[in-house]
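Labels run A, B, C, D, E, F, G and H following the written order; every chain starts at residue 1.
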Amino acid sequence: MNVCKINVNLCKGCGICVKFCPKHVLEISDELNPSGFHPAHPAKPELCTACAICAEMCPETAIEIYRRKKSRAS
Amino acid sequence: MSSLVEAPGTQLPDNDLQCVFKKPASMTSKPLHYCPGCSHGTYHRLIAELIDDANLLSTTVGVCPVGCAVFAYDYFEFDMIQAAHGRAPAVATGVKRCLPDRFVFTYQGDGDLAAIGTAETIHAAARGENITIFFVNNGIFGMTGGQMAPTSLIGQKTTTSRAGRDASWTGQPFKVCELLSTIEGCAYIARVALTSAKNVRTCKKYMRKAIQAQQQKSGFSLVEILSPCPVQWGMQPGDALDYIENTVTKVYPPGEFVNKLPESE
Amino acid sequence: MLEENIIAGFGGQGVLSLGKILAQAAMEEGLNASWLPSYGPEMRGGTANCIACFSDDEIGAPLAASYDVVIVMNQPSLEKFEQVVKPQGTLLINSSIIPVKPTRNDLDIHYVAANELAEEVTGTTKSANIVALGALHAVRPRLKTESLEAALKFTFGAKGDKLVQSNIRALHAGMEAMKPAVA
Amino acid sequence: MQAKRRLIKGNDALSLGAIAGGCDCFFGYPITPQNEVPELLSSEMPKNGRVFLQAESEVASINMVYGAAAAGMRAMTSSSSPGVSLMMEGISYIAGAELPCLIVNVMRGGPGLGSISPSQGDYFQACKGGGHGDYRCIVLAPWSAQEMFSFPELAFDLADKYRNPAMILADGVLGQMMEPASIPAEFTRVSRPEKTWATNGRNGRSHKNVANSLVIDPHELRDHNLKLQAKYTKMQEDCKWDTRLAEDADVLVVAYGITARLAFSACKLARKKGVKAGLFRPITLYPYPSAPLLDVAKGKKRILVVELSSGQMVEDVRLTMNGAIPVDFYGEMGGVIPSPAEVCAKIMEAAK
Amino acid sequence: MSSLVEAPGTQLPDNDLQCVFKKPASMTSKPLHYCPGCSHGTYHRLIAELIDDANLLSTTVGVCPVGCAVFAYDYFEFDMIQAAHGRAPAVATGVKRCLPDRFVFTYQGDGDLAAIGTAETIHAAARGENITIFFVNNGIFGMTGGQMAPTSLIGQKTTTSRAGRDASWTGQPFKVCELLSTIEGCAYIARVALTSAKNVRTCKKYMRKAIQAQQQKSGFSLVEILSPCPVQWGMQPGDALDYIENTVTKVYPPGEFVNKLPESE
Amino acid sequence: MQAKRRLIKGNDALSLGAIAGGCDCFFGYPITPQNEVPELLSSEMPKNGRVFLQAESEVASINMVYGAAAAGMRAMTSSSSPGVSLMMEGISYIAGAELPCLIVNVMRGGPGLGSISPSQGDYFQACKGGGHGDYRCIVLAPWSAQEMFSFPELAFDLADKYRNPAMILADGVLGQMMEPASIPAEFTRVSRPEKTWATNGRNGRSHKNVANSLVIDPHELRDHNLKLQAKYTKMQEDCKWDTRLAEDADVLVVAYGITARLAFSACKLARKKGVKAGLFRPITLYPYPSAPLLDVAKGKKRILVVELSSGQMVEDVRLTMNGAIPVDFYGEMGGVIPSPAEVCAKIMEAAK
Amino acid sequence: MNVCKINVNLCKGCGICVKFCPKHVLEISDELNPSGFHPAHPAKPELCTACAICAEMCPETAIEIYRRKKSRAS
Amino acid sequence: MLEENIIAGFGGQGVLSLGKILAQAAMEEGLNASWLPSYGPEMRGGTANCIACFSDDEIGAPLAASYDVVIVMNQPSLEKFEQVVKPQGTLLINSSIIPVKPTRNDLDIHYVAANELAEEVTGTTKSANIVALGALHAVRPRLKTESLEAALKFTFGAKGDKLVQSNIRALHAGMEAMKPAVA
């Protein structure tokens, strides 16, 4: 499964990644981060295609995207 | 919350994961001071990515404005100069004339560039000054609390136009790209809105051309981005992007206004 | 009598208006008052704070080296301002989002779950600041309750009586919550 | 008109005070910490039939003021330190052309971009002429929301009386602080001298008027300057000051604006500690109240000047005392505001 | 010499003579300080004639620049304000906003308007400021001794471009009318060369329209005249006019650039 | 390099002196009476492989200087009074960012447009900081074509030593007057300190450099200001002055620049008339040579300060003397230059 | 005959009127006026058609033009 | 020895270069010298003047209240400067275009028809200024003739020897013309 890694310390909960994720992977958490923002988090990580749209749109560069390498046998 | 927290750069569980997106090397790890949903951060990242791509880290001198991006010098790994409000093009000229082989750019807001800095911008263009300007047009004075800018839309409510901007009193929105297009010293002038991943890529393409224009010594280059100021606009970040897409671009049409690059398509 | 207060918290927590309401209430009582915000470059998030002073005498400095009262609405503020409370001064802590405890033991320290209480009596956490005001008023009753209510009317009146009433409820919820402490 | 006591920000009080003082037009460019001024005036001026226009820069602002003032208007601009520096040429022109107007500087920390925190680092610029040539501005230093409200009219009156630019020198604290102040419910048009010299179109006037600071012949320019200097001397009759606990004081603290507030509190603390301290507060920084200061200072043991600067007004105090009484200085810079306790400590030192 | 001398205004020998040309009433009798063959004087006279024609003497406020025309206030009978170098449009704005029924114009040289005054000019236009600018473009800083102006021609020898203006270092000539044409606030923008009696009449026609634009509150108006600076150009006055006709107009084409006058042909 | 004596205009000497002093780049905007400077440099700088660029304004000029100085260049601009007023914000930035550069002011009559005749009305602006905040420029006052030639290098050296803007304060007479001066045939590149702080591109540097005057935290800005103030105090070790006939004088005339020349002639006349007069000439106006002045003034009966102003430097003389010796003042304004005879008359009065 | 009246005190001898006079009425005098200029003068006044071109072109407004009225009888 | 001279005339008459040549000549002799022009807004016509001083001592003021020598090339200059000549000082008048006489009688007054003489020996009136210089030199020989000739070479050398020679002729024509006066 691909990984959409959100650094909650940098996230300001603007919701832009949530808005633009084509797979609706992301949601805004109702918890507060240390800066008093409600950060985004991957609610349905399994749906992530690693398209990186969220990361491209994130103003804080708070998102890193990792793609699962195709396993040879297939 | 700890469930959520992932300290940046921690080793990942397994090795079949390849990183497809992370912070560019020319950008520092310092958290940005911008408001939630502000595009300054995105534009910063694109600059850093292009500096990395073109391998310009060691030869770049950036000039940051007075405006919300005043602290930009904290976010880049290359040399930076903080310029007086509106004077970044003059400051960049001082550097570039003495060090013509450096990559010199300014980063300016619309108040900085299109209000107080009008003369410096236009004469840098008129001289064909071989510098690049990354211009953030959010139609407002963000840093000072949301006053009207020359670029504010008609009817736009700001703290100095509470009833909405009135054209009969303050004139029409100030169109930088259109104005500069009449100046022969301009080598590359373009405008884009950061309202989608596609546009972010277009923006990066335009920015790359602007940088090439300078590297080829073809003259003055500028890329204007239509950017949101969610806080001063009183909108949610997402809605602010839609507003740009649906309304702002009607007044400020995106596209390439001047392109004198030899190998430009 | 000169009372000097600092109120600190996140940008959105209404710490500035809490201070204003204190000053307004003092003025309603015919006292001299001053309110001084921390102001910075426009940018949301981060912490905000303000200083509110009132006195029956002419107010000189609108700020001081140490304060009679410090209200902290979030953890960074507790860390930043714990040291400026006068010995025996009052430190009021919003226990809703501040898990940690202060280190000093020479203070009159109180806790109020401002967010929860606000949510309880008004349905939102918005008026947590007013709950804290009520709590402060209970443990350190320097102004008349009517003055505080008058100040709330003045502040929220324009936005309709409903809002005024819910804030008055928040005020009293804060006062109630401190009953044990004062009893 | 009956006034009502309300809690108001210094910048807002100043804005309403400008309208109350008959300001016909405001031209300005935003800058922290004075943004409430253009923001409030942008809606209030039109409501009161006055002109508000946001300029493209401070250079444009001051030159719009120049034009409106030449046309006989009560014209005003407002800014903060870096913005005011950009007005130096324009202010010199206005002084040279002998036009009345009001410039507000809500000072912030310098030099350069510095910070937006309160400061008093622009005293030299305001009082010794930051612009070129031998000119002076009338400079008023309020210390409360009430004075922020009342000084604009005073400034306009003095400006009109002397046909000279007037400046209100405030700081970030005075601008941002809220205090109770008496503000009338509505504003009645204030009277002002007739301006027969105004370049507002001849209509009927037998001669043309010219607003000008160019005097190409050296002897004529000398005479013009002598006329200006005579005017500056005459201004002494309008110098203003205030005192607190000064009568029996041994240590006289001299401070203006917000610093005078700190000093006043400090004097009270010092007296609790047994040191007789008092305050002399210059209200007009130019003309400087030298004669009153000499008078009040008579018999004091020591003078302590307190400023939010490296020591600017202290020079005028020393020039006034000319060695008669030792003058100490205590200053903070960069937006750091000393507490009354810290100022008190300096008083105790001086008292030793 | 006395044979030649005729004191102005003396009664003529007989009465069958009718005066077909004399100094307009709005112009003073003070001798001009300009160099021989300088068109400032001609332009002054045309302004005075139009003020007379439109009967505006009593409602006009003129703003003169810093430049050779700095003394213009001596030559007109109406109220005048001497403005700081380049700031005339801001000064005029201050007057016009407070006294909208006055006729307010500025008179500016190319250094004044197109160099130091760029921002004030462009923003007056952008606001649609209801003022009129009479702009004298002689491609040089006359008053200060003939230094290069942004408007100087490529190859033009000046005291700060002794080898001739070099485009690769200082850019191309600065075209004010072309630049302003992109700004919506402009109601009337035109350029003319005072190189013949016919052109003098054309100039007067353009100036009349510019004045009408203001009277009709249509917005910003400007008339640029291509003017000689014989002394700084190092030419005889007559030759200087030919040079404008044959060379300068090639770079600065005369004509009407913007004309939003309702009844304009 | 062997120098040859030639008759040269002050402005031309200054221009060649800039090149001799290692000026890498000049950015300026024309204004009388200093036009010979950009005119000469426009051809001489390129010849010597340096940069000359005519800016669109003085505001642009000073900010181009800011950029070039940040990049480690010996950067310079030149103007006259009104133009220098427009540089106040920029100079404050340069001082705040601690960048070395050279600003030349060939003073003319003010205020406003004033005239183009010589004056010394910008002393306050130059020495007390016409811009906002607590900064200072190093200010040099030449009095001859020879010093017009030699001071640019001196100014650059001091600027680099202290990372601070330096100003040469001249006037229309010094700029326009021709005198013999020794000027080397050609110029050899002068040595200068390495500028590890320059924002000229990292290439290889382990860290990035930033040129900046913004310090948003009040305590950090206070510390930054304290650092600046310490620097200004240290500058005292470089203060410069000159004397003529001062040894045995009863009346000490204090004057700078062209006025010192008039005063020197006047002292000779006075001595013919039997009054022992001597001259003290401050060469650095900032740092002001207070200690040397106190020293030279010891035992004098009276001090006479002469300026082409309403009385500006006289304040620093009075602050220096602090009442120890009576200080008289004689000034002319507007471009009127008193003759030595007129200055002598004032000396005779003082001697009474 | 029409009259082209040149005020020699104002004339700066620029020669523009001479250049533009279609009838070559005007010439530059070799005498100096009080300001040290060689003023223009009507050398062939009889040829003047009172077209006023010279006056329109004169930067100093030094020229006044008078036309001879047609005599009724003709 | 300190000699202070004023030379005044119309813009085109070369009064500034006359002064420069005086200063140059003095310097050639190893004297100290200064030259100070009247400078004004660019504009042709009108009068120009300059002050030239030389001395064997350090020169203080480059100007004075009254002058040893005043050369006037046109009438306005005579009117303007007659009063600043020192008693017994030298007033040299270009009689070619100055019909009127000075009013003072305490001066050493000389006339030279500079324009005519220049025209005569050089074919143009351009070097009338040098004729005047020669005349001054004849009636007040303070510098060596060689120094003046050297100064002329220095000044006009760049423009070719012909010009130098014609100016030297003009110089001597001026000197000759004053023979009677000095005899």
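Quick note on the criterion: contacts are C-beta pairs under 8 Å (C-beta built on N, C-alpha and C of every residue); 3 or more make two chains touch, one makes a residue touch a chain.
What you see is a predicted model, and the numbers here were worked out from it, not measured in a lab.
Think of each touching pair as a link: the shortest run of links from subunit A to subunit D has 2 of them. Hopping across touching chains, the smallest step count from subunit A to subunit E is 2. The pair with more inter-chain C-beta contacts, choosing from A-C and A-B, is A-B. Inter-chain spacing, taken between the CA centroids of subunit C and subunit G, is 89 Å. Centre-to-centre separation of subunit D and subunit F, using mean CA positions: 30 Å.
With centres taken as mean Cα positions, subunit G sits 25 Å from subunit E. With centres set at the average Cα position, the gap from subunit B to subunit G is 62 Å. Within subunit C, the positions touching two or more other chains are listed as 40-41, 45-46. Counting partner chains per residue, subunit F has residues 32, 53, 56-57, 59, 82, 89, 93, 97, 112-113, 116, 212-214, 216, 337 touching two or more of them.
Residue numbers of subunit B whose C-beta contacts span two or more other chains: 34-36, 70, 82, 84, 115-116, 118-119, 123, 143-145, 150, 170.
Every residue of subunit F that touches subunit D in the complex is listed here, in rising order: 59, 81-82, 84-86, 88-89, 92-97, 107, 109-117, 119, 121-122, 124-125, 128-135, 212-226, 228-229, 309-310, 312, 315, 318-319, 322-324, 332-337.
Here subunit C touches subunit D in the complex through residues 20, 23-24, 27, 32-37, 39-41, 58-65, going by the rule given at the top. Only residues 66, 70, 82, 84-86, 111, 115-116, 118, 141, 143-145, 147-148, 150, 159-163, 169-170 of subunit B touch subunit D when the two sit together in their complex.
Against subunit E, in their complex, subunit G makes its touches with residues 2-3, 5-10, 12-16, 19-20, 29, 31-33, 37, 39, 41, 50, 52-53, 55-61, 63-69, 71. Residue ranges on subunit H touching subunit G, taken from their complex, read 10-13, 45-46, 74-76, 97.
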